[in-house]
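Chain IDs A, B, C and D follow the sequence of writing; residue 1 opens each chain.
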Amino acid sequence: MDKSVIKESWRKHLHEVIFEADTPAGKGFDIALLIAILLSILIVVLESVNELRADYLGLMRTLEWTFTILFTIEYILRIISAGKPWRYIFSFYGLVDFFSILPTYLSLILTGSQYLLVVRGLRLLRIFRILKLSRYLGEAEVLKKALYASAAKITVFLGAVFALTLIIGSVMYLIEGPTNGFTSIPKSIYWAIVTLTTVGYGDIAPQTTVGQTLAAAVMIMGYGIIAVPTGIVSVELSRAEGDYKDNNGVRRCPSCHAAGHKERAKYCYNCGSPLSE
Amino acid sequence: MDKSVIKESWRKHLHEVIFEADTPAGKGFDIALLIAILLSILIVVLESVNELRADYLGLMRTLEWTFTILFTIEYILRIISAGKPWRYIFSFYGLVDFFSILPTYLSLILTGSQYLLVVRGLRLLRIFRILKLSRYLGEAEVLKKALYASAAKITVFLGAVFALTLIIGSVMYLIEGPTNGFTSIPKSIYWAIVTLTTVGYGDIAPQTTVGQTLAAAVMIMGYGIIAVPTGIVSVELSRAEGDYKDNNGVRRCPSCHAAGHKERAKYCYNCGSPLSE
Amino acid sequence: MDKSVIKESWRKHLHEVIFEADTPAGKGFDIALLIAILLSILIVVLESVNELRADYLGLMRTLEWTFTILFTIEYILRIISAGKPWRYIFSFYGLVDFFSILPTYLSLILTGSQYLLVVRGLRLLRIFRILKLSRYLGEAEVLKKALYASAAKITVFLGAVFALTLIIGSVMYLIEGPTNGFTSIPKSIYWAIVTLTTVGYGDIAPQTTVGQTLAAAVMIMGYGIIAVPTGIVSVELSRAEGDYKDNNGVRRCPSCHAAGHKERAKYCYNCGSPLSE
Amino acid sequence: MDKSVIKESWRKHLHEVIFEADTPAGKGFDIALLIAILLSILIVVLESVNELRADYLGLMRTLEWTFTILFTIEYILRIISAGKPWRYIFSFYGLVDFFSILPTYLSLILTGSQYLLVVRGLRLLRIFRILKLSRYLGEAEVLKKALYASAAKITVFLGAVFALTLIIGSVMYLIEGPTNGFTSIPKSIYWAIVTLTTVGYGDIAPQTTVGQTLAAAVMIMGYGIIAVPTGIVSVELSRAEGDYKDNNGVRRCPSCHAAGHKERAKYCYNCGSPLSE
C-alpha cells in the first residue's frame, strides 16, 4: 500500500473519532472532551475565590496548563483531520477552540505588571470554553427553530419594552428627582427596567406617593406584558412541533412517496393518487 | 409646462420621499430620520447626568438646536407635502412631531428662573420623540391584533388583580400596622402590588408571623395567577396567526370546495382533483 | 285598579330598575351604584393616611354616613323588590350588601375605648364593598370557565410547590442556621416561598456558599416550574374558547337546529340530515 | 376452616384496608394516615421555633413518639400484608416509610452531646414524611405525562441558562470587581442567577454604569427567555390532553371510518350514517 494512502486512511480514522459520535471511539472522545471542558471551567471559576487561590495556586496552575495542552492537541488534530483546514479554522467552533487556548499562552508573554489587568481579563476569556459545549446541543432542533421563527416578533416586543422604560424612567426622574435616588435619567431607566421585569432589587425605590403609584402601575404592566413573549414562543413552538411531526409523518403516498398528509386525507395532495387507509 | 404643475410635481415628489419608503430616496430619508431621533433622545438622556452636563453643556446645546431645527424642517415639509395639511397636523403623528420641537422653542421664551421647573419638565417631554419611531412598527400586525383581541379579558383580569390587592393591602394594614412600616392602606396596597407581581423590593416587608404567612400566600397566588394573562395572549396570538393564514392564501378545491390544503398541495386531499396554483 | 295591584306593579318596576340593566333607568342605577361603591372605598383607603385624617376627619365622616345611608336604602329596596326576600338576604350578594353597611352602624354602639381595636377592624371590613362590583363581571364567562376547569390541576401543582418549599426550607434551616437569619423552619419556609416564586425581598438571604448554591438551584427551579400553571391555563382557555365558539357556531342544522358542526361536516351530527354549505 | 386460611383471609383483608382506597375501611385508613402525616410534619416545623420549644417541649416529645409508634405499626402492617414483603421494603414508598421512623429511634441511641449535630440533622429528615403524601397524587396523570415529555427540552434550556449565567457572571466579575461586592466568580454567578430569574434580592447589586447597563440587559433577557419553558410545557400539556382524549372515547364512523366526531354526535358528519353510542 502507498504511504500517502496510509496517511489518508489515518486522517480519515482521526476525522471519525474527532468529528463523529457514532463509533465507540468517537463517543469516548466526546465524553472525555466534555469532562475536560467542564473541569477546566471549574478551575477558572474556583481560581477567582481568594481563599482557594491562596492555598491551591500551584495545583490550579498545573491543571490549567494540562488542560491547555490537551485543548491545543485537540485543536491541532482537528486542523489536521478536517477536510478543509481553513474552513474549520475560521468557522465558529474553530475560533472558539482557538480562543480557548490563547489566554494561557498570552500570559507567558505578557509578564510585566503593567499588563496585569489585560491578563486578568484574558484569563476570564477562558470561561467562553463553555461554548465548546454547544457542539452537543444537536437535539434542540425544534427549540432552535421556534426561537428563530419568533425572533422578529420578540425583537419588536423588546424594542417596545425599551421605549416604554425610557418614557417611564424620564417621568420618574421628574417625579422623584435626585433627592430620592433617581440621580439621572439613565439611573431612572435602570430602575424602570428593574421594576418592569419584576426583578426588584430595592436599591432604588420610589419614596413619594405619586412615585409609588406610578411604580405600582409599572409593576402591574410588567406582570401583564410578560404574557406577550410567552405567547409568541408558545405559538411558534406549537407550529415547529407540528412541522417536525409532518416531516416524520404517519402515511406516505404509495406512488410519489410524499409525506405529511392530513389525517382525514383520502387522496395524495401531491400527485392525486388514492391513499391507503 | 405650467408653473403650478411644476410645483405640484415637486410636492408629489416630496410626498414620496417623506411619506413612502419604497423609493431609494424615501428609504434614505427614513434611515436618516431614525438615526436623528435616536441621537436626539440620547442627548436628552445624557443631559440629565450631572458630570456630563458640567463638561459638555455647550456641545449638548448645539446638538439639541441642530436636531430641533432638523425636526422643524421635517415638520414644515410634512405639512407642505401632505395632501390634507390640517388632517396631518391633528393626526397622532402630526401632534407627536409638533410636541417634539415645541419644548426647545419654549425654553427661549420662558427664561426667568421662576419657570425653571416648567422648563425642566418640558425638556423631558422631548423624550416622547421616541413615539416618532412607531411609524416603523408596521410589521407587528399579528402581535397588535392579538393584543387588541385580548385587551378586554386582560382589563377584567387586571381589575380583579387590583381588587385583590386592595383587600390584601387592607388586611395587611390591620395585621402589621404602622409600627412595621405599613403606615397606611395606600402603602399597604403598594406592598401588596409589589408582592403579588413578584417584584419584591423589600423596602417594606412583613415582620409578624401572621403577616409573613399571609405574604407567603399572596406570593404563591401571584405565582399562580400570572398564568392567566399569559394564557389569554397565547390563545389570541394563536388565533390571530390562524386568521392571518386563513385570509392569506388558503385555497379551496375548485370541485369539492374543501379548505385547509397543505401549502405544498397540488391535488385536493378530499376528492383528488387538481388544485389551482 | 286595586291597591295591591298598584303596589305589585310598583314592586315589579323597582325590581327592573335595581336587578336588571336593560332599561335606561336600570342602567342609570347601576352606574350611580358603581360610582358610589368606588367613592366609598376611596374614603376608607384615604382615612388610613394620618395626614389626611387629621385635616379632613369631619368631611370623611359626613361622606361615610352619606354612603352608608345610601347603601342602606339600596339594601332595603333590594329586599322589598326581590321575589323571594329571604333567598336574596342569604345569597352571596345579600350578605355582601349587609356587611357593607354593618360596620358604620356598629361604630355607634361600640363607643367605649375598650372596643377601639374591634371598631378599627370593622371599619376595614368596609373595603369588602368592592365585592359588590363582582355583579358587573358578567362578561368574563370564558375566563371563569377556564379557571374552574384548571382549578384541580393548579391545586395539585400548588400542593406540590408547598411540599417543595417545606423540604427546601428545612434543608436551608440546617445549612444556614439561626446565625444567618434562618431562625426557625417556618421562617426558612417563608424564605423558600419568597425565592421560589421569584419575589426575592432580600430581608433574609443565604450567607454561606452551600446556602447560596442551594438558593441558586431553587431560583432556577422556580423559573422553570412557573411554566406549569401557565401551560395549564393556556390549554384550558384554548378549550373554553373552542366550546364557546361551538355554542355560537356558524351553521345550524335546517331540520333539528343543532349548532356547532365541524367546519368540514356535510351531514348534521345530531339528526343525519344534509347541511347546507 | 383451616387456621392458615383464616390467617390468609385476615392478611387479604388487611391488604385491602392499607393498600386500597375503594372500601370504606380503606378510605378511612387513608384519611387517618393523611391527617397523621400532616400533624407530625407540623410538629417538626413548630419544634424549630425557639419560643414554642421552650414552652411545649414535653407535649411535642409525647406527640412525636405517638406518631412514630403509629407510623411504625403502619410500617409493620404494610410488610405483613404486602404480597412480596421485600419488594415493598425496597420500593420508593417502603424506603420513605422506613426513613420516616428511623430518626426518632436513632435519637435514643445517639445521646452523647457529641452527636448533637447529627441528631439535629436526623430530626429534620422527618420532614421528608411529606413524600408519604405522593401516594395520593394519582389524579395528576396528564400533568406528569406532559412534564416527562418536556423534561428533555427543559433540561437543554436550563443547561443553556446555566452557561449564560456562567458567562454573565464572569464578565460582571471583571466589570464590577471585588470592591462592589462581586468578590469571586461563584458569587458573580449567584448574582447572575438571582437577576436572570427575576428574583432580585438586592444583597449584591452593580454600582458602576457599565455594570448597571449589563444588568439591565440581563434582566430584559431573563424576562424574555422565561417564555421558553412556558411554551414547552404549554405545547406538551396540550398534546398530553389530546392523546388522553384520543385514547379515551374517540369514536369512528362504522361505515366511513371518519374520526373526530363531536361528543354529542349521533350521526357521522361525513357520510350521515348513525354512530354507535
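Here, a residue touches a chain if its C-beta (ideal position, glycine included) is under 8 Å from a C-beta of that chain, and two chains touch if they have at least 3 such contacts.
Keep in mind that this is a model prediction, so the values were computed, not measured.
Per the C-alpha superposition, chain A sits rotated 180 degrees relative to chain C, a value rounded to a multiple of 5. Homomeric contact chain C/chain D is classed as different-residue, with under half of its interface positions used by both copies. Legend: contact pairs of B-C compared by residue number with A-C, C-D or B-D; the interface matching in over half of them is C-D. Centres computed as Cα averages put chain A at a distance of 42 Å from chain C. Chain centres here are Cα averages; for chain A and chain B they lie 29 Å apart. Residues of chain D in contact with two or more other chains: 157, 186, 189, 198-202, 222, 226, 230-232, 234, 238, 260.
The touch graph of these protein chains is complete, with an edge between every pair of chains.
Partner chain A is touched in their complex by these residues of chain D: 152-153, 156-157, 160, 163, 166-167, 170-171, 173-174, 183-186, 188-189, 195, 198-202, 205, 209, 212-213, 215-216, 219-220, 222-224, 226-228, 230-232, 234-235, 238-239, 257-260. Interface of chain A with chain C (complex): residues 198-202, 230, 234, 264. Across the complex, chain B is touched by residues 41, 44-46, 48-50, 120-121, 124, 127-128, 130-131, 133, 137, 139-140, 142-143, 146-147, 154, 157-158, 161-162, 186-187, 189-190, 193-194, 196-203, 222, 226, 229-234, 236-238, 241, 263-264, 277 of chain C.
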